[in-house]
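You will see subunit A twice below: alongside subunit B first, and alongside subunit C after that.
Coming up: the complex of A and B.
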């Protein structure tokens, strides 16, 4: 009987030599082969595209660009080693679930099946692309200090806005599921790995490639559609649009596979005793998000595929003059697009509801109701998409239904909000940095949510559609909500990941700067929107000039505050390292009962779970898990299942 | 208590986990695939209902019925042959010949589809709404079907190699079953989508 190698150990049988590492499959080869693949396949595409009328009639050969991107993707994956295993399986060789974990530091630059390594790779990649999107935002605000286009021409401004929106949406989609989901879900449910370790790594490297393909749009003439890619503009746009379609499709595939992996992991790999009613609420957040990702991302992928066919082989899915319809894009895109909003929001709920009980030292109030609320949000999110089309000319009879369902979704969202407030009720709160970010999440999300109710209402939506009111609303929900929650989660879990704490004082300076300047940036934009300032246009009424200068200065300070986070990371993780210990927050959750950083195998023995991890302040609460024998810290004392030190 | 210097050897993983993962993963993947094709079903009915400019399906646009039926039969036969192979694996009576048959039929689907594009279809992708859906849908199905071909081929290769090794070592080839179960889920899903494809693209006028 053939065995499947599935359990990483601390003692690899044979560490690769430096030469083996250098000539093996890793990032350098990925980049080289991606470049080669792009140019070879672009040339091939030119040959094929020359036979298609629309391609040969214009200078713009979209087919060649798509061929190039496909070739780059193939080269990238071959260089990173993703084809080795499938090919060996085609030759009938035995299955294995472990790869690249023996490569030391090199494992961060190649296919690696350790979920913790992949999560750290995700952190770095998402932070990088988040930085690129943020720089775009700074440039946008720079342009808006003048009421007429000054240093950025109108067309380039549109590309800048489109790049910012698409990059942020793409990366924030991956931003929590990828790093925190991959790192924490196995630890929180008592598993050693994700269900599909290679798929996990694949999703990361597809996300990285997607980011660079999107950036390449700048060199292909940009794209003017914003992140929504509306047709017919997208079908007629320059080749930068191809980069948008291809990169978003890669993200769609990645998102779907991340979701699939997380669902399979939670369903099949829970430790004994980890019943559904004991699963940490963060994992529920990941699970509901993953359900949305698995079901919504394929629709996005199909829509992007149709748009790509329209641009390359002359299909007419979205061309009304030849049997298509632009509304088809609108419907398919927003069928994904609105659940996408909750793909961003639900992980935020999970993070803050995980943080609150730890620092309130109280059990999570209404655990089951919170989970039901998350499922309510997930379910309803598939039934609201047409509120994005209220002013597009859809049948007016459809409006009341979608207005009703959109308003309905505020009920489960409100329930989750109340769960948070109930947990804080009469609590002795420790105002640590993670807790401050969690509390700020509720403040910001309240404003974002309430302004969303106005946008779900047809008359007020018709008035504010396409204005800065909408822009302020979704920045309050996504940045004020998810980004604040994610950064809070980052402060909370980083000591577990690296073994070193972030500095509290620097963290508090970062928090207060970010909180104040976030609100100073985006709250005035509600007013700008109500006063008629349109999105995506760099020209605006001169009467709004002073307001925009104020917002721009606030935005730059907001950007500066994020540098505070970067400084904190460099200071505490590289320069002055203060060991955090296994459980600095005195949390009862399973991951905090392990050494910091977590060893490669996670659990020496799979634990038996005794209770949910929220029994704070309950004197006779059983230990959260039975580890069989105390986990041993590398070079330190043993820890008990409750996180205490023997 | 001092730390142990000896390397930690974690207890081995329960082998049933891999089986459970594969089947759950296959079901989830099939769900995602279903949503991809639901987009095409939506596009089909939406564009048919809208019939923009009277160009949903001009009179000359008609798919080759023979190819449609041949492709469908090959897909269903491949799924049936694979099911027999899977049962052979479960009962230990052997599966290589049925797997080879399933693989042959799977490859035939790819070949037939390519021939249909090159020689069978007498309308272009620019022939209206229906033509767009036809080309987009069938090409996407072909891409997913290649995944099925890969799965069947992998199982056949593993089965042949395992049979040789099992004969030499006197052991069974039990680990193939989880992969076969997962592939079956995927093939059933593809077969279901193939039936819907045939009904919408070939049967409905």
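Coming up: the complex of A and C.
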């Protein structure tokens, strides 16, 4: 057993003064240097690339815009302090292994190596961008109350649709890995931090930057392609497209690094006794999601890079008239895009299967099968991407194969339902807010999954492809599945994170409003799609007018219901502040055996794990872990309270 | 060990719950599956304007009839569990520590695998066999062709921002802004684009084929009713994507002959200006910017 060097042995001693905090590295400097970097590098870009891009009749110099974004990224990272560590190492100075953890409130606005701080930063960022994407949706539904373009001009409407889709896809793919993954994975496996704390912080700040770069598309003329960015439309679009390409690339890098970090953490930093068959199922969800992210995100990056070259230096990867092929983009994008869809599903599986045993008061029914199901989904998700191209004319003779693999995915997904059903069997169910969201996950995901069967069957897909049916399908799986699970997880774990209870009554009102209006919003859209309404249009057949007005009103109520969550957070976390205690749900999982909120460095001693955290109803079950005595590795040396090896 | 004991003690209760759930499920199916097939079914699009849309309609009805028992099984199970297995009062009591039953898991796996295999076979037969590609775009070398493909009426569909035009290689390469098709005759669409990606969607006919620049996307259809049909774009193609609509007509063969003859005369001047008929067209390459 090698010595565990990366575990910090130096706890921060002296809190910095206010002056030190102010002049140090933090968000304010990040914003200032990002702005400076953008304008300096944009100017540089016009000098370098003005003549290359002069063939283009677009209103902006795309190369300069990309240079500007690169400069902004550089300035942003310098300002936040990401270059301090590598620079001091290069200069031969001893570098601290912890960074920013002693900075009080300021640590939330800078590079910080505490995984709990990063997770909270992620929570705020994802909630903010989720709100931006949600407001876009409200505006889209406003426009769709009329069957013809009314108060939003057609170009702005497309930008809204594209922003909504891209923002939601980007932020939701980081939406569980980032906040819940970073917070809970170390706690659940008995570690004090993530394997690469600086990388962890980097992924967060890249995600934040990506969100703002994407929003900047509004000021660069918007972009008309939706989140799929299909060529050649994207190659011809105005400079807002550059913002899409750059922000999505940042998210790609961020996703890949989050994935690597979580895989490394789970592989190497488990507490003694945390064998593979004792890892909580939520961690398995994070691990499989991370594997998908690591394998899929680089392909996205490659595709985006090629599109950026097509737009700036006039390569023709995707232009059929000059020897390229639009199908190249379609293939690369969906080779990333379909695993991405499961990056948005697997965390939901993990969360609901983690919540279910706690409130059913029963062990998870079929732990190994659940893990196998998750790996099955992960593996198959790389073999189905051409079902997005069933009518495109690409490799059409392979359609039976992709139809088959797509339908195969319903086997591992069905396993998740079986596990849920088995866990509920003769259970003692308590209907808390997290449990209600977990049960709603099964209701919604079932409809999402069954509608997917229509899309996987080519004759049926010819009608539904590219219509509102598809749109309703993926909102049922992503919003009805992942978002419901995530909000359930939020209600479940927030008392652990902040130490204060959320209000159950307000939570139930929020749940029922959200559940009812979610279904009233998206179920009618299956009909709209079958009746011939294409996606991403602002004008449609007048016969569908009443249906769309109904959907719009439901959608606004759905949006309002989310204010219930916000009100709950403000009311209970800022105003009332009722302490939750260490284990309000009486869970057996490791993170609930710690005080709320979790102290710095999580565990006073590295715990020794005795069992999987699902031993409900087993009379002579040992406690999930021993926290008291020095941990002894099986056949190895003991671990000191500080984490070093004796 | 204790887990096994508890499970064995609860076996009697298990059977009663299981039997009740089964009975409720069977009753619900007996009521709802016929309703789905015979009451809801006829209203599921896309109706019967062509052989392909009839096939798609049938597939949609079959899939809905198959999905209903699955949906009901999960709903009945969850509904029953929520109603019966709930803990009343504030007391927190543990349930029986059941940790999985391989027999049930294997049964479930076998059942879902059987359903999936059946679905895949059914879809493949429908795609390649009975409906000649089901009206979907099959690329330049279609595998599923109608028996008399050689005699099919060739129509080229050209997408551009933001309208559809139709070219008739069998009639001197004339290009029309309208689509008129003869009834009961095999039609072979060749779909392509001269700018960005579009998708040719003849809704009532059950045809959808992406129009990709540089690609010749073939789709077969056989209209069986004299009627009009809507044509839309189903792939986001820029500013006026939502307005890329037109109405096509299916007419009798004689009316079609008259119409195409008139079109050849009317568009004679335009036809001379057009490039020769080709499966793909490449416009001037330096016009890259919008």
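Quick notes
The rule is simple: the second predicted complex is superposed on the first by the 607 of 646 C-alpha atoms of A that agree within 3 Å, B and C clash if a C-alpha of one lies under 4 Å from a C-alpha of the other, contacts with A are read in each partner's own complex, and residues count from 1 in each chain.
Methods note: a residue touches a chain if its C-beta (ideal position, glycine included) is under 8 Å from a C-beta of that chain, and two chains touch if they have at least 3 such contacts.
Everything quoted here is computed from the prediction, not taken from an experiment.
By the document's definition of touching, of the two partners only subunit C reaches A:430; subunit B does not.
In the superposition on chain A, A:553 makes contact with neither subunit B nor subunit C.
Taking subunit A as the reference chain, the count of touched residues is higher for C when subunit B and subunit C are set side by side.
Contacts of A:256 after superposition: subunit B is touched, whereas subunit C is not reached. Contacts of A:325 after superposition on the shared chain: both subunit B and subunit C are touched.
Once the two complexes are overlaid on the shared chain, A:295 sits against subunit B while remaining clear of subunit C. Legend: residue contacts after superposition of the two complexes on their common chain; A:268 is shown touching subunit B, with no touch to subunit C. Contacts of A:70 after superposition: neither subunit B nor subunit C is touched. When the two complexes are overlaid on their common chain A, residue A:138 makes contact with neither subunit B nor subunit C.
After overlaying the two complexes on the shared chain, residue contacts for A:397 are found with subunit C alone; subunit B is out of touch.
Comparing the two complexes, residues 314, 320-322, 325, 327 of subunit A contact subunit B in one case and subunit C in the other.
Residues of subunit A touching subunit B in their complex: 1-4, 6-11, 86, 89-95, 97, 192, 195-196, 256, 260-261, 263-264, 267-269, 294-299, 301-303, 305-306, 309-310, 313-317, 320-325, 327-328, 331-332, 599, 601, 603-606, 630, 632-638, 646. Taken in their complex, subunit C has these residues touching subunit A: 2-3, 6, 10, 13-14, 17, 44-46, 52-53, 55-56, 59-60, 63, 67, 70-71, 74-75, 77-78, 81-82, 85-87, 92-101, 104-105, 108-109, 112-113, 115-116, 119-120, 122-124, 126-128, 131, 133-143, 191, 195-197, 199, 201, 203, 206-210, 212-219, 230, 232-243, 280, 282-283, 285-286, 288-290.
Against subunit C, the residues of subunit A that register as touching in their complex are 55-58, 149, 154-155, 158, 224-226, 228, 230-233, 235-238, 314, 319-322, 325-327, 360-369, 389-397, 399-400, 403-404, 407-408, 410-411, 414-415, 417-418, 421-422, 424-431, 439, 442-443, 446-447, 450, 453-454, 456-463, 465-467, 530-532, 534-541, 586, 614-620. The residues of subunit B lying in touch with subunit A in their complex are 1, 3-4, 7-13, 15, 17-18, 20-21, 24-25, 28-29, 31-33, 35-40, 42-43, 46-47, 50-53, 55-57, 124-126, 128-133, 135-136, 140, 150, 153-154, 157-162, 165-166, 171-175, 179.
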